[in-house]
Structure formats: structure tokens, C-alpha cells
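For clarity, chains are labelled A, B, C and D in written order, and residue numbers in each chain start from 1.
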């Protein structure tokens, strides 16, 4: 690949986010509605439940709007491309999600999100809404184990959203929904690989460059540099590198049952994703871990980046029941 | 984009199809099972119903395996990349789908599929199974209106599979399921645009080349040349070109209600797909047509090709009821 | 033709196809879907496996196995070769050949294959398909028979005719197969299926009896 | 500073940021996510709209509007500017300035902004952030005040300090923000946020009172 600008099917790059959300809400008006231009809420919200607000920068579609719906999130706050939504947008999402029992905010652990969601929580508290938060930190490539709380959130988001959303739907208290979210996050680890770059609309150039035949292990979901650049390898080897790094990070495997999620970053074909899934599953089972739930597809993308990530969640009966509980968002149904 | 080989997350290119299907069946063993290595069948098949067999070349994932499940197809026959499955594979799918009330084969209209599915139907007939077929011909760019029966099948496949599968699930006779399939196909038109190429694993080079800033309107879902090459344009203009070509092909709009499906070809971001959806919907409504059902995502891809297609289906109450009927395949749930 | 020579010829054809994988993909990329070299390479692999799995057996039996192997790759080219080769196997089976192999028999095989292929694909010479390389083979073998050529020379003439036939497809507009929807734009490159068939004929002719 | 001059300075800063969009994206691509130029350009657009929508109003009122506009872009940089600018607006509001504008007031603004930004982002000078360009501004204004410089010269010194500060971040390892997870690999390029801040300071200083 050379560094020529990517071809995109967009109009004015500055309008891309709003137009895409407008398209999303128009296409899925049976599931979602606008609260305001950057806040998408579920239609027919459950009452008397804890609200779940998710969100983050755009460019990760179908995240985050795709996870708004019964059994998952009540509202998604959408930022500019790869930029956290500002506090007023998050606040509007909190208000839309609040039914008097408090609101949990779940988002990936990035400096911008931490500041903006944090400010929004302060504003909401000033209006009498109780807000807690979970910062997803599943990317094992982004910090060593001793700094696990500093890690980035990538596709593990989806597992945390699903479990927390199910707990909220079942009427648990804010403290209990938060506990489930924390537990799901602690049980979840991911690592990704990038094969080619993406380009922020309007930036005029890809975010990074990879040579022909070169890949980057551990790259972030916004193109943040990873931990190892090397030659393109067979999918099974890549799967093993990712799975081994994940397994090495786990101290206690519990009963050894896991959910395995393979996330396509954008340009990588389903064909490849399923081959990577197969390799990851084999690597896990060779490591003594049993895959009992599987998800393959594009869940949280990096625009048109080529590559994929592997996410492993250790399951006990409690997490499994929340993972399996009914859900009817656009991107995740159960 | 230059013509450097694409980076793929695969192992031996010759094993890619089998490994991907193996991954798919392992990941979704709650929905599907193997009948034999290239034949994927639904778990818990309905009895006393007409069988629906779908299939075609691989490289279009999630098609065709993603549409096997209750309410849609009973079996998918998978070929090599961009190559129809051979007669014995289709025959095995027919046998797996047969419950004594006959089998409808639904597939895109390509010379290879016509020959292989046709031979399989003859073999099945020799074994006493009644087989009918529908060749999907939705791609308006592939032949003029007077030769509509010669057109290729692209994303319209999904609409035809869904309607025929629902009719079969509801217990209709083979003749009636065939009638619904024919009706859905006649009501469905598509046109696509390619922004960059894909590469058949093992071919060592992309199937075609597009210059920087160049797109091709009307390109087929295997990279077959389209009808117009030109500069990259804003998404709204592209949407209008595609929609206008589709509308110009329709003589009778019925009551003017349509389903709109935007299909990503592989590398194009969801962000772009939803922007294209928005533009297509506006173009349709400007043309006096009302969008009542919407689908956006990757339904039938061309490996990692960048681009998308727009599919429009004219709906009456009968087609709408089959489109809305319950379904639980991996890629399409309702 | 001894089955030993037949096996050697088939292996030579498999070699030739595999060596041209990229080139055949390139030709198919022009107006098709870019996979013809890969599909033919998969076919060659299946053929090698079939040969290895059938160390015994008569010529017709072997050709039936090869037909199944070629058919197993599917696509457009699979059933074309399968039907052509099954027709050849049928021709060789009945009536049992009086002599080991002669030009008349070769001609009968080529005619049977052509009929079978146009039967299954509804194409005719001039449509820019395999038939544009196969039909000249039939004509060349007819000519060889009437002028009393020996089998090796007849095969050589057939291979040359296939090559010329394949080359002639460059100027044609496709009327069958994937490229048939392109009209004028299908002109310019030779048909991939005709080209691979010419390669195969060339390989078959390199070994003399 | 008259509000007319303030508006002109803000527009000059918006121009400077927009002109460097690609370059700021390039810097952010190094260890971040490649969007900083786009985000700052969006911020510049929002600032222009805010100015156009508020033709009247005092300096503090205007700065509050600019703070909201900068904050509206989100990301890491949005709340950084919003909190810094709101602190400046607060400083200018109370107590009401005795004179139109002086170096002491400028220094108070810079200190307030630095405090607010390190409060919200928990970063400190040396962490490779905006603060590495802002902290030198505080030092330069302190120096300007003690040596009795006029406001134009003080602003010039502040801009130069910001530029040097931003340049100095090339050698730093990031300890805050997106790049903080890269360790050694975050070295080499200057911090994008420090660089855009230096551009803004430079633009503010080009117009003299």
C-alpha cells in the first residue's frame, strides 16, 4: 500500500459524522431515535431501570450507535472522528438514559473520553442524577499488566456493554450494574493486528504507513502504534501471537470457559476474519481454554483500516447469563 | 492504490475457503452444522416444508453461509473463491434440504452457477427430488432492460433468499415458494460502485486496477468491469447515479413503497455506507418513492473490495410480510 | 496411447497450467473475475490427486476420474471440462478401440467433447470461449485424418490450431460466460478458458508416442 | 485589549490553525491517532461561528463563548482549551480590570489556564502535552512583568517561549494522553497539542495593540 489518500464515499468530510448518524437513525428508526444530533437513544426505553450510556469518538461504526437498544445501551453519545464527544453531548445522553435509578457510563479508556465524560458526570450530578462509570481497559498491548488500569479500551467494549446492559435491563441497582461492568471488564482481554492504515476524513493522508508485506501487532483502534512491527504472517501464526499474549496476561482462568470475539477493523474480509477466528480458537484450545460463545464480524472498526483483533472473556455463570440475555440493538441481537 | 498484492490474514490460499467455513460453523454451531465440508445446513431443520438451497462461489462472505437458518435457507453450497460449487456439492445441499416437498435453488445468474446447479438439479431429479430454481438477476448495470433475464445477481440475492425462505417456512408449496421468489426477484434492482479492487487468494495481484481518485460504476460483485469509469465523486452524487439508474429501469412503481438495502463490498467503512444510504434514501424520496424497510451493512461482499451497492425492492403487502417474517440466520435476523 | 503415456501427458498439462497461473488470472481479470489461473491450478492439483489415487485402470476409466477432478473445481470451467472429458471417456469406451490409438479416434474424441461442451454451455464458436480453441482442433484433426497424418503430427497440428484459435479470441466480443455482459469492452484480451485449453493441448502434444 | 483587537487576534489564531491542518495531523499520526489537525480545524470553524453569533459582549463574555466553541469539538484537546479559557474568562471578570490590558493581567490569565488544564488533565510540564508550551509562556510573562516589558513585547516573548516549549517536546517521552502508552516510541516528533498551542500564541502575537 502506498500513502495515497483513501477513497471514501462521503460528502464534505466535516459533515461525515452527522450524515452517517442521520443515515443510521433513518435506517433503524424501529430501534433508535435522536435525542439530539449527536445523541442516539433507544426507542421505547425501559422505565424503572438503571440507564446505560455508551459513546466515544466516531469512525468506529457500527460502534457506538449500533449497541443502543433493548437489553444493551439506552443512549450513545457520539463525538467527531476519533474524538470523544464533548460534555454537553454526554450530558444529554445521560439525561435521556436516566429514569431515576441512576446512570452508568461505559466507554473506552482514552484521555479525551475520561475528561469529557468526567465533566458530563459532574454536570449531571449538579442536576441530581447519580452517575457511575466504567472505563474499558481490555487492550493488553497498550500497557503492561502492572499498569492494567491504564490500558485502552477496544473491542472488549462490546462485552462490557452487553453484560452491563443486560444487568440494567433486569432491574439491578446502579451499584450492581457497575459491579457487573467491572467484572466483565476484568474478565476481558484483547489484542489486535493492523495490516493497513485508515485515514481521518479531512486529514488528507492515512494515519500511518505500513510497508508492503508488513503488519503491526498491538495497534490501537485509532491507529495508535502497537508493540511490534514485522512481516505479514499466516493467519494461524498471528492468531497464536494474539492469543498467547492474552493468555499470558491471565492469572486465574476460572473454569476455563471463554467467549471469543474476533473483530474486523474495517477492510479485512469476513473470509479472513473467520480464518483468524479458527486459528484463535485452536490456539485457545491448545492452551487449555474452552470456547463456549463466539462472535465474528465488525463490531468496533477503525474506519477502513485492514486488520482485526481478538477478544477473550473468562466466563462464569453470572457473566454468561448476562452475555446470553436478550438484546435487540442494531448490531447485537441475542 | 497501487497494484501491490493485498495483505490477507489467511494461511495457504488454497485452504482459505475450507478454513473460513470451518471457522464459521465452529463459531455459529447454535445455528448451523456441516452436512459435508462445503455444505452448511441449518440446525433443527423444519420438517414438512419446501427446502431452500442457496449458494455460489466463496469470497462473498457472509454470503452464502450467513443466510442459513430458520426462516431463510436450509442449506448453502459453497464453491471456491468466485467459482460456483460443483454439482456434487449442490446435490448434497439439495438432499440435506429436502423434506419430501421439493427444493428451490436460489442463486445469482452466472454461467458457472447455471451449469453446476443445473447439473445438480438433474442428478436430484434422477433420485426423485423435485427441484425448481430461481436465478437472481438484480444488477441493472449488467444488461439492458430488454435482456433483463441475462443480468447478474448481486445483493438482491438477500431479498430473494429472505422472501423465498419465509414462504417456505410458512409451509407454501414448491410452486408457490417459486412464485414468491420470482416475484421478489422481479421487484428487486441493484447497482454498485467500486472504489478499489479485490484479490483472489493465490492470484498474486488484484483483479483490476483503479487509478487514484477513480471509481467504477456498475462493477460486478466479482470485479467484473462496470459501465462507467470516472472520478471519485461525493457520496450523494454516487447515490443519485445508482438510484436514478434503478428508478429508470422500473416501469410500474406499484404503491411506491420500497425496501432499500445498502451493501458494503468489503473495505468500505460503515461510516461511508450510512452516508451512501442517506444519499440513496434522499434520491429515492426525491423520485417519489417511499423507503419503508432498510438494511445497511456487508451482506454479500467481494473479498476486500472497496465500494458498495444499492438495492431497491418494490414492496406490496405480500412481499413485505415475507420480508418481515421471523428469521434467525447468522447474518439476517428478523 | 498407452495409459502410461496418457498419464505423462496429463501431468505435462497440469504442469503447464500451474506454470501459467498468474498469466491466466491476468487474462481473466480483463473481462472476468480474475480467478481462472487459480481455478485451473486447483484443477491441476485435483487431477494430480486423482492420478495418484488411481494407479491402475484403463484409459476411459482414467479419463472419467480426470473429468470428475476437473469438475470438482466448479465455476464455469469445471463443468465445461467435466462434460467434455466424460464425452471423451464415453467415446473411448464404446466401441472398444481396434488399435491402441489413432487419428480417427482422436477426432471422434474432439467432436464428442465439442458437442458436450456446446450442449452444456449453449455457446458456439465465435462466442469467445473454450470452444474457439476446441473447434479448430476438431477441424485440424479432420484435416489430419484426410491427409493421413500420423498421431504425433496430428496432435501437433491440433495444438497449433488450439493456440491460433485462442489467439483469435482477442478480437472477439464475448457472447457467453461472465464476460458476455461487457459488449465491446470484452474485446482486446484473449479468452482465458480458450488460452488455458491451448496450453493444455500444447502440453499434451509435447510428448510423442 | 479592546474586544475588537481580541476578535482580530482570535481570527488570526483560527487562520493559523486551519493553515496547519495537514501538518498537525502528521504530527498526531506519529504517536497518536492522526486527527489533531482536523479537530483543531473543526475548533477554528466553531470559533468563527461563535464570533459571528456574538457581535457584542465584553472580553470575558467573548472568551466564555470561545471556550464553549473549543470544548464542542471534544477529544482530548476540547476540554483542555475549554477549561483553560474558562479560567481566563473568570480571571478577567473578577476583579474588574483597572486598565484596558496589561502584562500582569496576561500573566494571571496564563497562570489560571495552566492551573485549570493541569487540574482537568492531571498532567504536568514534561509529560509532552500542551502544558509544555503553556508553562514556558507563564515563565516568560513572569519575566516580562518583572523586567517591565510592554504588552506587545510580552506577548512576543510569550509566543517565542511557546514555540521553544513545543519544540522541546520532540525529545520527550509522553506521560499523558493517547501517546502515553508508547514509552520510548513517543519520542521524535513534537507533541501536536503543544505545537498547535504555539501556533495560536504566535498568531495572537502578530497583531500589536
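The definition used in the following text is that a contact is a pair of C-beta atoms (placed from the backbone, for glycine too) under 8 Å apart; a residue touches a chain by one contact, two chains touch by 3 or more.
Note that this is a predicted model, so its numbers are computed, not measured.
The greatest centre-to-centre gap from subunit C, using C-alpha centroids, is found for D. Here the CA centre of subunit C is 74 Å from the CA centre of subunit D. One finds 32 Å separating the Cα centroids of subunit A and subunit D. Averaged C-alpha coordinates put the centre of subunit A at 53 Å from the centre of subunit C. Contacts with at least two other chains are made by residues 201 of subunit B.
Counting only residues that touch two or more partner chains, subunit D has none. Because contacts link the chains only in sequence, without closing, their graph is best described as a line. Pairwise chain contacts in this structure: A-B, A-D, B-C.
Those residues of subunit D that touch subunit A in the complex are listed here as 21-22, 25-26, 29, 31-35, 37-39, 41-42, 45, 71-80, 82, 120-121, 176-182, 185. Here subunit B touches subunit A in the complex through residues 1-2, 4-5, 7-12, 16-17, 19-24, 26-28, 58-59, 61-62, 193, 195-196, 198, 201, 212-213, 215, 232, 234-236, 238, 260, 266-279, 281, 291, 294-298, 301, 303-304, 306-308, 333, going by the rule given at the top. Subunit A meets subunit D in the complex at residues 13-14, 57, 79-89, 110-112, 115-116, 119, 142-143, 150-152, 199-208, 220, 222-225.
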